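In the two complexes below, chain A is the common chain; its partner is chain B in one and chain C in the other.
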Partner chain A sequence: MDFLNAIVALANYVLIPGIAYGSQLAIGALGVTLVYGILRFSNFAHGDTMAFGTMIVILLTWWLQSLGINLGPLPTALIALPVGILGCIGMVLLTDRLVYRFYREQKAKPVILVIVSMGVMFIMNGVVRLIIGPDDQSFADGERFIISARDFKNMTGLAEGLGIRTTQVLTVVTAVIVVALLFWFLNKTRAGKSMRAYSDNEDLALLSGINPERVVMLTWIIVAALATIAGTLYGLDKSFKPFTYFQLLLPIFASAVVGGIGNPLGAIAGGFVIAFSEVTITYAWKKVLVYLMPEPLEPSGLVQLMSTDYKFAVSFVILLIVLLFKPTGLFKGQST
Partner chain B sequence: MIVVDDLHKHFGGFHAVDGASLTIEQGSITGLIGPNGAGKTTLFNVIAGVLKSTSGRVSMAGEDITGLPPHTLFHKGLLRTFQIAHEFHSMSCRENLMMVPGGQSGETLWNTWFGRKRIADEERALRAKADEVLEFLTVEHLADQKAGQISGGQKKLLELGRTMMVDAKIVFLDEVGAGVNRTLLNTIGDAILRLNKERGYTFVVIEHDMDFIGRLCDPVICMAEGRVLAQGTLDEIKANEQVIEAYLGTGLKNKEQVGA
Partner chain C sequence: MKKMLMASTAAALVATGAIAADTDEVKLGILFGFTGPIESLTGPMASGAELAMTEVTDSGKLLGGAKVVPMRADTGCIDSGLATSNAERLIADGISGLIGAACSGATGAVLQNVAVPNGMVMISPSSTSPGLSTMDDNGLFFRTAPSDAREGAVMAEILMERGVNSIALTYTNNDFGKGLSDAIETSFKELGGEVTIVAAHEDGKADYSAEVGALASAGGDILVVAGYLDQGGAGIIKAALDAGAWDVFGLPNGMVGDSLPETIGPDLDGSYGQIPGAEGKGIETFSKMATDAGFEGGSSYAPESYDAAALFMLAMQAADSTDPAVYVSKILEVANAPGEKIYPGELGKALDLLRDGQDIDYVGGSAVELIGPGESAGSYRMIEIIEGKVETVGFK
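Showing the complex of A and B:
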């Protein structure tokens, strides 16, 4: 019984939140990795692109809620999501037209584009704060739990409860669909193959029938869609605050780099590595250990390696370790 | 076909191409030889639009093509290969070839979802063409191999194959024989001759292997220090005093004299 309780506690506080957070990071990191692999720079504006897309979804969700339109048990944000994606695509393509294209024509070095993307980041950040404000916004509705901790306890008679939130399941299901679609697109369609070709060898791609401007446009469209989806899922699961999305840049980049930047498979693996490291290191293990240890050895403290305030430090440390010992990441990426 | 008129390309103070003028006849296989650093590859890069010329003009079939970007030239039928073979390493050899033709309907997002039938038809035709090209080059067994894993010589063949996927008019081959063994070099040579005869491709070949040049090329152009030193048949070039001094060395001259 104690053992079962320990497993349930572990699943409730570590496994399920870790999987949901990992999926969100993975979708975010896929966006970063695509820009790096195809457009060849680290896009620091990615976090704020996520915030921008999510902002549109939130505004639309509020409007739908005021009209009384909803999806029953599912969050209303799902109806708003496609429009949010379109809005974000519009914003990103406009940015490319106004900013990045100029530097692409100059054949600017990646390091210049990185700084340019920081400029874009500050502007997008400002735009989002101007429109929706810097505060926490909540837009989740529908059924909150699929199984609440109390129901679980009543059902099983265990002392520990296992709560599964709708948004967590939604996150994982969406992530699976998005990843499957993306890999199908990249590997099976001509459009996706031209993106891969451009990423493999830009010089050669230019000397083929591949239209470089179209590849760039496709990349931005996909990146904007991924960013909006990742942002909306994160916002539903936790809450939306522009500054938090800016901060998310660190774990997202860590995920992409850990997996091997430029490699989509690596981005997914990296997302889960970072998410589980963050969750396990900042989790107070006392609850699980109480069930597992013999009574005299039961911990009296929280057995928390680090306070949750430091969770971004975890991704930072992992990022440093990977860059020091295996700069190309778990899966071979493009970084040198 | 191609007329290069007083072309200059300077890198800072270094004059890589320094007033080169030459004419490439339609239907010819022109050899371009010269010592390392003579500006042969730079000349290729300028003609193919990879580098911008400092001054001078390049025209193709009477049309000024100076400074046009590579993919525009590609659509005009001017193709090039690289000294070090380039390939899409994560894709199979067949896919590498299938990527070449431009304007495929599968490139747009819309068609990816709503034009499946048209794409499938196109892909089938492309696939058949790619397989035909691989067979022509006698490397049909590599069709499903990742292009990043094949040998250097096979990559050179694949590069030649890329030019066969579209109706090329003129193909610039940059050291197609470098690091390739004799047997494979003969295969490449055969393919070049057949493409020239059967499809009317014009070739410009940078090469250091004199036997290879002798077998394929007429005329031969010798460059040195960014300028054209001499132009003529290989025998004329070999007999040219300036060429001997700049490139071939006196050893060859002595050997020929002994031979005679």
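Showing the complex of A and C:
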């Protein structure tokens, strides 16, 4: 019984939040890694692209809610999501047309593009705040729990509860679908293959008749879709606030780099590595250990490696360690 | 064109000069956190202060018929830089008294950097940090809210009465949160209770599941959240409910407001706490006046704000001056006994009495009684969340 309680407590406080957060990071990191692999620069505007896409989804969700349209147990935001993706694609293609294309034609160095993306980041930052404001917005509706901690306790008679939120399951399911679709696209379709060819060797790809502008456009479309999906899932699961999305940039980049930037598989692995390190290192293990240890060995302290205030520091440290010892990341990515 | 511009600038300058010289207008600054973590409380607070000013203006009895003009400015609650620059702007605009700030951190910053150097009197309706009691203020600072040191004792008693033996305690990482949580911790331990963990949380995060994980690991009968209701405090409660870590929460001041049950939903029912507040004729009259004026009189610190504004105007009348250096000595006199008791809506009568040289004992909406360094003695309203509403269950 104690063993079961320990497992349930672990699942409730570490595994489930970690998996959901990891999936959100993974989808975000996929976007960053695609831009890096194909367009060859670190896109600092990614967090705010997520915020922009999510903002459209939220505005639409509110409108749908006011009309009384909903999906029953599922959040209404799912209906609004495709439109949000389209809006985000439009915005990203416009930015590419107005800003990035100029530098691409100049054959600007990646570091210049990085700075340019920071400029784009600040503009988008401002646009999102102008439209929806800097505050927390809540747009989640539908059934909040698949199983709430209280029901779980009543059902099983265990001392520990296990709460599973609808949004957590939704996040994981969506992440699996998105990743499967992306890999199918990159590996099986002509367009996906041309993207990978462009990423491997730009000149060879040009010689074999691949249209670079088309590849760039495809990349932005996919990145915008990924960003909107990641942003909406994060917003549904936690809450939407422009500043938090900006802050998400750090763990997302850490995920991409840890996994090996430019490598989609690495981005997914990196997302989970970062999420679980953040959660496990700042978790107070006392509860789990008390169930597992024999009485005399039970810890009296909290068994917490680091206060939760240092959550973001964990991403930094992992980033540093990986860059020092394995600069190309866990999976072999590109390094410039 | 250029000439016209010059002329109109000159005219504007003359005009401002004329207004500044006009003694028939008394300006009172209202410096609250209109944005930030308690923004849902500050709206009714400012309305409360302005209600007192309108009442006095309409009576036409202050200093022979002066008009009282409120001037609002924002502190962002946690932004000391914004708070001090806005306080300086208010002083440059010629205010005679400063109502505020609302949040303790901002109040401390404004007091030390602006009010003391400029000799401006401040009355805060809602800053409760114990640190403000001992701050060097040249006698310029008063508050119609009690210190959290008192709230700690009250909360510890309430917890004991409800049979709570151990608590987990989390606070918002600033002057207010730290002061309040220290007070609760010491008082509760003195009464023999156990505090399993005291952990800070940062405001403005999207996700508090990690913080709740640590708190839940430490355990405790209930979780006391010394935070802000529009901010991390609500986030912590939401995350704790999601994880099934606690069902009942202790809500000290800062967490009591109608927006909390709205954000959290029915799961908050049964949580309880306290907020500075008084019972009796004062608050009843004030609530009625507030409803007539179109705002919620039961909102936290709204009566205290009315009282802060009233104290300024009554002290000015008693001293027959709007000069802070002159009327400051009268504030304690009008606030405390002896004298005729003054309730909300009776400011006109009070002004008459003061003009005739008689003593008054201002009671107001929050049973004002200033003790020690000029802070409210503190009576508390015990609240419980019942069916999604903040209900009063008693006084202490």
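Please note the rule applied: the second predicted complex is superposed on the first by the 335 of 336 C-alpha atoms of A that agree within 3 Å, B and C clash if a C-alpha of one lies under 4 Å from a C-alpha of the other, contacts with A are read in each partner's own complex, and residues count from 1 in each chain.
We take it that a residue touches a chain if its C-beta (ideal position, glycine included) is under 8 Å from a C-beta of that chain, and two chains touch if they have at least 3 such contacts.
If you're wondering where the values come from, they're calculated on a predicted model, not measured in any experiment.
Trainee: Applying the touch criterion given at the start, work out whether A:A197 contacts chain B, chain C, both or neither, answering first, second, both or neither.
Mentor: In the superposed model, A:A197 contacts chain B only, not chain C.
Trainee: Looking at A:R165, would you say it contacts chain B, chain C, both, or neither? Reply first, second, both or neither.
Mentor: second
Trainee: When the two structures are laid over each other on chain A, which of chain B and chain C touches more residues of chain A?
Mentor: C
Trainee: Of the partners chain B and chain C, which touch A:F185 in the superposed model: first, second, both, neither?
Mentor: The first partner, chain B, only.
Trainee: Touching A:L207 in the superposition: chain B (first), chain C (second), both, neither?
Mentor: In the superposition, A:L207 touches chain B alone.
Trainee: Answer with first, second, both or neither: which of chain B and chain C does A:L218 touch in the superposed model?
Mentor: first
Trainee: Going by the contact rule set out at the top, does A:W62 touch chain B (first), chain C (second), both, or neither?
Mentor: Neither: A:W62 stays clear of chain B and chain C.
Trainee: Which part of chain A faces chain C closely enough to touch in the complex?
Mentor: 12-14, 17, 21, 138, 145, 148-150, 152-153, 161-163, 165, 234, 238-241, 243-244, 278-279, 282-288, 302-304, 307-309, 311
Trainee: Flag every residue of chain C that touches chain A in the complex, lowest number first.
Mentor: 173, 197, 199-202, 204-207, 209-214, 216-219, 235, 242-245, 247, 263
Trainee: For the complex, which residues does chain B have touching chain A?
Mentor: 48, 50, 69-71, 74-75, 79-80, 82, 86-91, 95, 99-104, 106-109, 112, 119, 123, 162, 166
Trainee: Taking the complex as given, what residues does chain A use to touch chain B?
Mentor: It is residues 185, 189-191, 193-194, 196-197, 200-201, 203-212, 214, 218, 221 of chain A that touch chain B.
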